[in-house]
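What follows is a set of structures to go through.
Two complexes are shown next, each including chain A; its partner changes from chain B in the first to chain C in the second.
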Partner chain A sequence: MVISPELIELITGILSFLITLMILSYLIGDNPLFRIAAYLFTGVSAGYIAVVAWWQVLLPKLVYPLVSGNPMEKAFAAIPLFGVGLILMKIWPRLSKIGNPAMAYLVGVGAAVAIGGGLTGTLFPQIGATINAFDINLVPSDRPLGFVGWILNGGIILLGTVTSLAYFHFGANAKPDGSVKRFILIEILAWVGQIFIAIALGVIFAGVYAAALTAFIERISSLLKFIGLL
Partner chain B sequence: MRVLTAVIAIAFGLLVLAGYFIPALHEWQTLLLNWAMILAAAAAIVGVFNLISVHGEKIRQREKGNLYSALLIISLVSTFLFGLVQYLTQGAVRVLLDDLMSTLVNGIIFPAEAMLMGLLTVTLLYTAIRLLRRRANLMSIVFLITAALILLGTATLPFGDMPVFSGLRTFITQTLAVGGARGILIGVALGTLTTGLRVLLATDRPYGGK
Partner chain C sequence: MPDITCPVCGEVNSADQEFCQYCQSRLEPLTGPLKGADAPITPGQHPTKKTTAELEPILPQWLREARDKARKTVEEQAAQEPQPPTPASPPDLLAGLQSQGGHEEEETPDWLASITGAKPKAKKTEAEPTEVHWVELGKPDEFMREQDEETGIPATQEPSASASKGGLPPWLSSAQPTQEDGVDELTAWFRQESEGEKPRAEKPAFLTDAGSGSSEALSKSSEETPDWLKSLQAEQSAQLEIPQAETSLPDTSNADWLKNLQEQQFDAGQESAGREAPIQGEVPAWLKGDTTPPSETKEVPSWLRGSSPPAFTSEETSSAEEPAGENLPDWLKAAAPQSSVFEEETAAPAPAESPDWLSSLQKEGAASIFEPETPEEGAPPSAFVDESLSNVNTDALFTELPDWLSNVSPAETSATSAEASLTPPAKSAETLEPGDLPSWVQAMRPIESSMAAQQAPASVGGEQPLETRGALAGLHGVLPAVPGVGASSKPKSYSIKLQASEEQQAHAELLEQILAAETAPEPIASFSPLAAQRGLRWLLAILLFAAVGAMLFLRTQSFAVPSGETNEIRDARLITEAIPENAPVLVVIDYEPALAGEMEATAAPLLDHAIILKHPILTFISTNPIGGMLAERLFTGPLKDRGYQRGTQYLNLGYLPGGLTGVRAFAQNPAAAVPFDMDLAPAWTGTPLQNVTSLGQFAAMIVITDNAESARTWIEQTADKRPATPLIMVSSAQAAPMIEPYYQSRQVSGMASGLHDGAIFERNNAGLPGLVRGYWDTFSVGLLLGMVLILGGGLWNLALGLRDRAMAEGK
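Take a look at the complex of A and B:
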């Protein structure tokens, strides 16, 4: 039995229309229609995640090497197979402790990836970029105010970086009267830092708002288009 | 068991970390990351089973909202089964299952994600107004003025472009915001490093050991 592409498109359109309306109904408050859409979305997404985990990871990286790999590949695949067995014990609360070594492996490797990623992906590049903002060899020829503008720009960025970091410095000494206060210099830097943080968060907010607005307009236009087709 | 789990976390964590800095360990690092990927996929499937068991229990106990739980389980199991047998079949059945999966993705997942994102438009606006009412301090005012200036500089205005806004937007996004964002990013990276090191030194053991 083959369903025509037009019918598939119509069914997809109706489903999409209903789901959009149901979620839009949240604007009048939490209601059964929104809940139906939310639970349906959660169910389909969870099922889809399980399917992707099976077809994209477990089958090619674990099952195929075990079934049709050479002895070396089979031996290397047997170790994660043991780990998968341990993790599956987490399904039953009584046996869940048996899964801890596999979870420890995941957490250990995850921590190492986080440290490596944090160092090579964020810390080094961000510090490097702050330093490069003062590199006179990198001044673009068309830059307004030329060299002075370049250094001024780098100075503002450096001030923002240092003061933002100072804002998150919570080390303080207790006074004889029992009150706790930060060092006065840190207080001043933190005050400047909060302005830079507020500006950065404002820019992020505007970006997220623009993206959300685009998604909202796309959905409303698809609703209107679907109503027009009927 | 507690010592064993700590030893596993530390040993494999250090080996993967060393792979970033010692080229000779790159292959081992890739192998260990592949194993982690397999375990993470298995953990995702365990998570899905847990979701089924929690909602199954709600239905069994006839708790409030158990109809929603039934809907969740039906949609989850049917999507999983369709997706599982999809690649095992051939011919007309395969075409039918392909169509069904694409209908589920394009008819439920995509519109739901897009509309939930779209709902943010209203919630964010409401939150911004509430922020001014509840905490009208310097930080809130700077935050809202910046957001408004960026939106004004980005949007196509009915009376045409205003160079003041676009110039101001460039200065804010490429200089002022960069400083703040860089401070936040370095702070996050330092926090990640500390948390990672606490795990690798077994000070924190979120995998079951105390």
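Take a look at the complex of A and C:
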């Protein structure tokens, strides 16, 4: 029996439609339809991830080198295999400590990579970019308002950055009456920083709303398309 | 019926008498089988222990008189001559044995002396004073005197050889010739073999004249001994040297070599007896009637093998037989005491009538009836084990009985004799209860004396404690009382009540109040938002569904698509347009399926623009397991019309595990990190990536993500590995504010975020693929609705607040 693409598309459309309705039913509150759809999504995702882990991770990166690889590949494949064995010991509480070395390796390597990448990829470039905002040699010729605009843009960035950082500065001195209050300059910068933070949160909220609205539109559009196909 | 002459006292008794009415000796031997209590002990049967104290009342009068006489004699000797200090004597049961020491040395059998290595003393030719020893047999002097008168032979010679037939009982007279010819012959040579260098005067007569065997030969000198006998003596005396040396050790194995020696001697005797065939043929009837066949005469009797050790060592009984025949061989003397005082009166015949050893020959296995203790089962018999007991003078036992035994009155003994006849004496002795300890045992216990001392004002032990219980009862100072072990005094009690002043208590109360204020939960000012939010939620849902559904259903395009490019979009477009023709482009799909609608609408115009313009070789990879499927969805959805084929025009590497570490590994060596594509085909040897070995060889790198963290990871980990490769970031609208700084820092070459930037790209791409345009009006309405609702909701809340405040002010 040959299943035609149209039939597959129809079945897929029906399932998609039903599951979408089940998810949208959450508008009326938590209900069994929503839970069924959520559990189904969880199960399908887990199964799919398991298949992906086997076909795209274990088989090409562990089994093939061990079975058909050269001695060097086998040696390199044996190392992660040993690590897998150690981590599997985490299943049994009494033997969980055996997996600590492998876990330590993963954590150590992950932290080193993250910290290194953060320093060289985020912290240093961002500090440099903020400093360079006042470099007049970098002012583009076609920029509106020219130098003033460049300096104004850099000033806003600098102000937003400094005031936002000042907002998160919580150092304060205790006064004779027992109250605790930050330095007056810090208080002013923190108040200005609140504005920038509020703007940033507004932007983020707008972006989240726009993203969610777009996803919602796509789902409704798919439903309508399915209905239109019918 | 003729009268019977007593073989002991010589008095004439009537034929119907069983015992002599004068000396109470048995007139006729007990030749028949014993029955009842007198039954002999069979092999394997343990003899019963008998208490000699019970037998004392039933002793004959003459015996008791003799015993009294003996006691008196001993007491007189003790009173006259102070005896030298003797070593510590054994318990009371063995007391009095020292008095027999002299006799013991004198009367050590020669055969025993040869075994133990002791030099045998020359026997006295004269009759020893045996008054005491003859107490059991009674009137030995008369018997000796009578025999001397009748036979004219000294009493030291064989009584059988000197006794006349006329003065003997019928049974003895009939047995006399046979005993003379047979038994004496065998015993004589045995004694000669064992004595070795004994004076020739003590040799039996028949040895000095082996050919005759008559009584006349007894008077012949030893010089008439035949040569063959001399040679035999010399030969066997040489053989005896080795056993004599070995027997210096009191070992039970002596019985074996002794038996062998006796067998050899017995063989020699047989040999000599064979030369005396006439003598052998004259064996009497009573001896023929022995159960032992002639062929078994070589076998050593049980008593000789040591099965009845007391028969060899009972000195008292052996000495008692000496008057009857002092020249009896030693082994015969030793065999005689089987008739001892421990036997029943009826089983104690006179030695002249029927020796017990003769009965033991007739009844094999009944030889050891005089065993003082029940031998341990399985233990080998030893010739020396019972020596001490056999050497004990039973008179001394009676004269020096322990207190607890001697205090038993005759009346009590007679009263208990009836019970003793029913129950074995040994059993009664064994069932002695601990509470019935003898006085001499109780005297050893220091309890009473110690208790008395304790009650006394002045204690012997001083301050040392006295044990009153247990195994240490009555002992002083056994368990030292160490000072300081016990509690010397009651520990001092301390009050746990806190003693604080009023000021301190006030401070404590203040502190408690402060802590209570800190720990007390503050009531959160809450309102009833559930009903309002549910209505609001329903309202918002209806509005959104209605607006979006209506816009999508109507498919209106009333809202204009944005045309102005931002710097980010312009840079991204320029980069896309700058990609070389058919150049490899790496596309990272790192977004969730939930935002697929936005991401596809934003990325599809850019990818479509690049595909249309440059036909790049797209390589998809994702750090999300579903990224591979989302990439395929692009080519089955928005980019379906481009007809890109997997494996030739695009390559899907699928999932890249390891998070940021995997990204770093992929940046360093893409071929090693992801060697295969989703179809498990080699990715880096095929057409799409034939000449690509590093990340820098890609013409451009496009990251499509809805997460700022994912964008940052790709920016950070690949920055140093793609110095000339531009990075275009296509992000969701929600992640754009977080990614924007990277564009400002020029770490990202171009950027497009959200449906707005997708619309710009789509417009620049001639409206293709047209997906954004289809959403744009709905998206615009949705944004407006959102703004209205937010603004309307804010104003509504403001109005409610003003109303509440006005109402509050009005009140």
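Criterion: the second predicted complex is superposed on the first by the 212 of 230 C-alpha atoms of A that agree within 3 Å, B and C clash if a C-alpha of one lies under 4 Å from a C-alpha of the other, contacts with A are read in each partner's own complex, and residues count from 1 in each chain.
Rule of thumb we're sticking to: a residue touches a chain if its C-beta (ideal position, glycine included) is under 8 Å from a C-beta of that chain, and two chains touch if they have at least 3 such contacts.
Bear in mind that the values here come from a model prediction, so they are computed numbers and not experimental data.
Once chain A of one complex is fitted onto chain A of the other, the partner contacts of A:Gly128 are limited to chain C, with no touch recorded for chain B. In the superposition on chain A, contact is made by A:Tyr167 with chain B only, not with chain C. When the two structures are aligned on the shared chain, A:Leu224 is found in touch with chain C, with no touch to chain B. Legend: residue contacts after superposition of the two complexes on their common chain; A:Ile3 is shown touching chain B, with no touch to chain C.
Using the contact criterion defined above for the overlaid structures, shared-chain residue A:Asn31 touches neither chain B nor chain C, since it reaches no partner. When the two structures are aligned on the shared chain, A:Gly47 is found in touch with chain B, with no touch to chain C. When the two complexes are overlaid on their common chain A, residue A:Lys61 makes contact with chain B and with chain C alike.
Touched residues of chain A, counted separately for chain B and chain C, are more numerous for B.
Contacts of chain A with chain B, set against its contacts with chain C after fitting on chain A, overlap at residues 27, 45, 48-49, 53, 55-57, 61, 109-110, 113-114, 117-118, 120, 122, 126, 129, 157, 200, 203-204, 206-211, 213, 215-220. By the touch rule above, chain C contacts chain A in their complex via residues 537-538, 541, 544-545, 548-549, 552-553, 594-598, 600-601, 625-626, 628-629, 654-655, 657, 659-661, 664, 675-676, 678, 680, 706, 712-713, 715-717, 719-720, 732-738, 741-742, 744-747, 753-756, 774-775, 778-779, 782-783, 786. Those residues of chain A that touch chain C in the complex are listed here as 27-28, 45, 48-49, 52-53, 55-57, 59-61, 109-110, 113-114, 117-118, 120-122, 125-126, 128-129, 157, 200, 203-204, 206-211, 213-221, 224. The touching residues of chain A, when paired with chain B in their complex, are 1-3, 8, 11-16, 19-20, 23-24, 26-27, 35-51, 53-58, 61-62, 76, 79-80, 83-84, 87-88, 90-91, 97, 100-120, 122-123, 126-127, 129-130, 153, 156-165, 167-168, 193-213, 215-220, 222.
The part of chain B that touches chain A in the complex is made up of residues 1, 4-6, 8-17, 19-20, 31-46, 48-51, 53, 65, 68-69, 71-80, 83-84, 86-87, 92, 95-96, 99, 102-122, 124-125, 128, 138-140, 142-148, 150-151, 154, 172-173, 175-190, 192-193, 195-197, 199-200, 205-209.
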